[in-house]
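Please read through the structure below; I'll follow up with questions.
Residue numbering begins at 1 within each chain, and the chains themselves are lettered A, B, C and D in the order written.
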Amino acid sequence: MIKFNHVYKVFEKDIKALDDVTFSIEKGEFVFLTGPSGAGKTTVFNMLYREETADMGTIFVENTDIFHLAKRKIPFYRRRIGFVFQDFKLLFDRSIFENIALPLTITGAPQEFIKKTVHEAIEKIGLGGKADLNPWHLSGGEKQKTAIARATILNPPFIMADEPTGNLDEESSWQIMNMFGELNSKGTTIMIASHNKEITSRMAKRVIRLESGKVVLS
Amino acid sequence: MIKFNHVYKVFEKDIKALDDVTFSIEKGEFVFLTGPSGAGKTTVFNMLYREETADMGTIFVENTDIFHLAKRKIPFYRRRIGFVFQDFKLLFDRSIFENIALPLTITGAPQEFIKKTVHEAIEKIGLGGKADLNPWHLSGGEKQKTAIARATILNPPFIMADEPTGNLDEESSWQIMNMFGELNSKGTTIMIASHNKEITSRMAKRVIRLESGKVVLS
Amino acid sequence: MRWLKEVFLNFRRSGFMSLISIGTIVLAVTALGGYYLINESIAYTVKRVQQKVEVVVFLHDGLEKEKIDNIITEAKTLPAVADIVFTSKEDAYTEFLKDPDIAGIMKTFDGNPLPDSINVKLKEYSKDNINKIVKFFDSKEGVEDIQYGGSEIDNLINIINVVKMIAGAAGIIFIVSALLVVSNIIKLTVYARRQDIYIFRMIGASESFIRMPFIAEGIVHGFIGGLIGWGLVYGVVTILITQVRKETGIDLAEFYLFSPDFFNIKFMLASIGTGTLLGFTGAIFAQGRLFR
Amino acid sequence: MRWLKEVFLNFRRSGFMSLISIGTIVLAVTALGGYYLINESIAYTVKRVQQKVEVVVFLHDGLEKEKIDNIITEAKTLPAVADIVFTSKEDAYTEFLKDPDIAGIMKTFDGNPLPDSINVKLKEYSKDNINKIVKFFDSKEGVEDIQYGGSEIDNLINIINVVKMIAGAAGIIFIVSALLVVSNIIKLTVYARRQDIYIFRMIGASESFIRMPFIAEGIVHGFIGGLIGWGLVYGVVTILITQVRKETGIDLAEFYLFSPDFFNIKFMLASIGTGTLLGFTGAIFAQGRLFR
């Protein structure tokens, strides 16, 4: 399903962000990506998202070499991945509703369907009364929940989340993890970067650990 | 030192962000502010920072009623508080060095002094080789460390940090907490919002807990 | 539909950016429209003045009627000649006497000091045509003098040509500037919304989905700008005509370009078209760089 | 020093924004400069033409020398009169004979058909002065006719006044537009950097620390824009003078405004001053709204 083949990435100033990274994830797996700050977790995601390319090595997703994807196909590739960014990447000039609806808008879904689906999602993350607020007005945790709702609204076959509980209290964190677990049990492949040892150990899922760009556990 | 007196804050849509909040913090204290997502922690900080005003109630800092501070005095008031924002608030068109140097630049410190002080700070947070990079290129944890370095560069008598370890791995988190502890032992008053139960309990410091805008532990 | 909605959303979000964009197009359309009107009006005036240019041929006293008729008949075959009128010295005298001032002077002469003359109207004014006519009459026996108002007009035309050259250069500079400003304003819009665009792209929006609103924005701004620009020119010209009539008694409205007909339909459409084209082109120009 | 550094930093960060800002000022300065030059040159030309206006008084044949001298002496006391020259009919005849064409016509008369005349130069051209002089001579015995080139010039002045009115209105529109564009461009810069400003303020930067760079930016852009604008006008006028000289033989450089002296010092300073003022005013205008 996802296959990293000896992937290298060096940034200016000789920062080896990824150093011979090789691993593979099967369809339907639930994987944690851990490692200290600066280990290369976000870089792994950026490559999977075709935001960055490798200096060496290949990455296959569903048997497609994603570095040889035609440029015009990238948007469609991305729609198959629900991504929760470490810094949320919410649109600050649209409401919570519009932010969560964005992936649906992009695919040209009918208004009625968008309304129904998005309102359901907003209820689910407990932001019922705040649909028309600007993300600016949300607390850190609420922003994160919004980002998660947006990433899952299209029911993508892959969900990747970069530190999705960094801003959440314990209760919310478990709530979100349970959401991911549920999606996973319906067949969604899930990959989550996290520092939270309690969560990663209690969830008892597969852990891929990076340290200074090297895979030390897989 | 810091005194909240029956502070109320209601946002549009009847969101009671702060609901009769009263507490006080003595000079030199180290206090954790905890509570679930949306409890009002950031709102407390925004008021202390004079970014937001209360609907009712007063706040005194060093015996000054901060809501009656003259407008032109606010910048000087803010320079006495080192603030680590939940979303970092780094300048993405300046280098790490320039970001950390900002509070010094604002006060008109001499170039030589800035250079020395900032480079020391950068070494201390372990970003030695990345002084000239743009924050854009940093990992989440590195951004957070930069934000902390900026907040502490002026040696302010108060340090407030909103979820300063949300993006950090355990090791870095303890490193940062030790930094705060060290500053506290030199007399700095410290107030930290955190969800991390492990840290708040292991540090064994005073905890103020908010829930739905109400103080439930103080 | 979505694009139009985006344009309005964007107007709400950053109204004053949209206002500059529209304002710039208004300026450009106003300037181009004004330039066009002035240019055409000058051309029209020059043509009207040129139509009045005649070559006047003075004949020797006592040239026989037959010879004169021969010259006129032959002259009529010249391709440059539109019409020929013969004025006998008696007719000329009678004409002169009608003006009391001149009559006084005329009376001081004994007899009629005026010569016979032939007035030649040109089909089309040009130095070449005048030269041909002058050459023709110069070769004829019995011609005393040939006069034509050409030289002053040629001077005028020279000056007008220089003015036109400057105005033309200014016009080109203006179109280029307008395009630059419009495209840069849209670039600024793009720039101000780079974070949005980045997020859109991250979420999997197609390039056309991202780009179309900006092009729609250019077109809408261009349309509005063109309309306002037309209104401005229309208003200024209307005020101008009124004022000029009041101040000098000259009726500018008789120059066909200032006629309401022209204004109401063709010129409005041209202004809106120019504005829309400017907006569209500006938007296209704005695309290249920031979307790499 | 810091402000200048900020301006340069900002140029590096968003060069094309700065370029629009400078470009707009260049446009404004160029337009204003051009307008001023044309305006002044027209005024200068009108004055020169007016200076040539004379009142010519034709006298009755055989008026006594003594009476003529009396009239001239008295006329010289009029405040509107600058100089008076008497031309006897003999002098006029001699003068006319110098032109071979006219000489031919003159010879067809027997004797000298020309009258004595008095040429009156005006101190300053004005309808009023002309009327006074005409009235004076009209009241004198022995005056046959009074001529002056006033009416054509008055027509010309009427037209020029209308043109000036239009140009003046356009000038005001242009200054206002330039200010709007410049201030909006700076607002855009402010807008694009709103996050930075917010952060600066959060960290405890004083208002002046935040605002100064923008004002410095306006001034620097204005200075550069004014300089370039001056260069453009200078270049265009230089080319213009060369071209006009080549095409029509008219030497525009003899109009004092186009003289190198004027250009090199006063006009350059004025252009830079105008640009800087525009930039500064624009920056000040931009402050109000976004800094609340």
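As a working rule, contacts are C-beta pairs under 8 Å (C-beta built on N, C-alpha and C of every residue); 3 or more make two chains touch, one makes a residue touch a chain.
A quick note: this is a predicted structure, and the numbers were derived from the prediction, not measured.
Relative to subunit A, the chain whose mean Cα position lies farthest away is D.
Subunit A and subunit C have CA centres that are 63 Å apart. Averaged C-alpha coordinates give centres for subunit A and subunit D that are 68 Å from one another. Chain geometry summary: the mean Cα position of subunit A and that of subunit B are 28 Å apart. For subunit A, residues touching at least two other chains: there are none. For subunit C, the set of residues touching two or more other chains is empty. Viewed as a network of touching protein chains, the structure reduces to one closed ring of chains, two contacts apiece. Here the chains touching each other pair up as A-B, A-C, B-D, C-D. Considering their complex, residues 49, 51, 72, 75-79, 83, 85, 89-91, 93, 102-103, 105-106, 150 of subunit B touch subunit D. Within the complex formed with subunit D, the subunit C residues making contact are 14, 16-17, 19-20, 23-24, 27, 34, 101, 108-109, 113, 145, 155, 158-159, 161-162, 165-166, 169-170, 177, 180-181, 184-185, 187-188, 191-192, 236, 240, 243-244, 247-248, 250. By the touch criterion given at the top, residues 2, 13, 195-196, 198-207, 209 of subunit D touch subunit B in their complex. Residues 11-13, 15, 35-39, 41-42, 86-87, 129-130, 133, 137, 139-142, 144-145, 162-163, 166-173, 195, 197-198 of subunit A are the ones that touch subunit B when the two sit in their complex.
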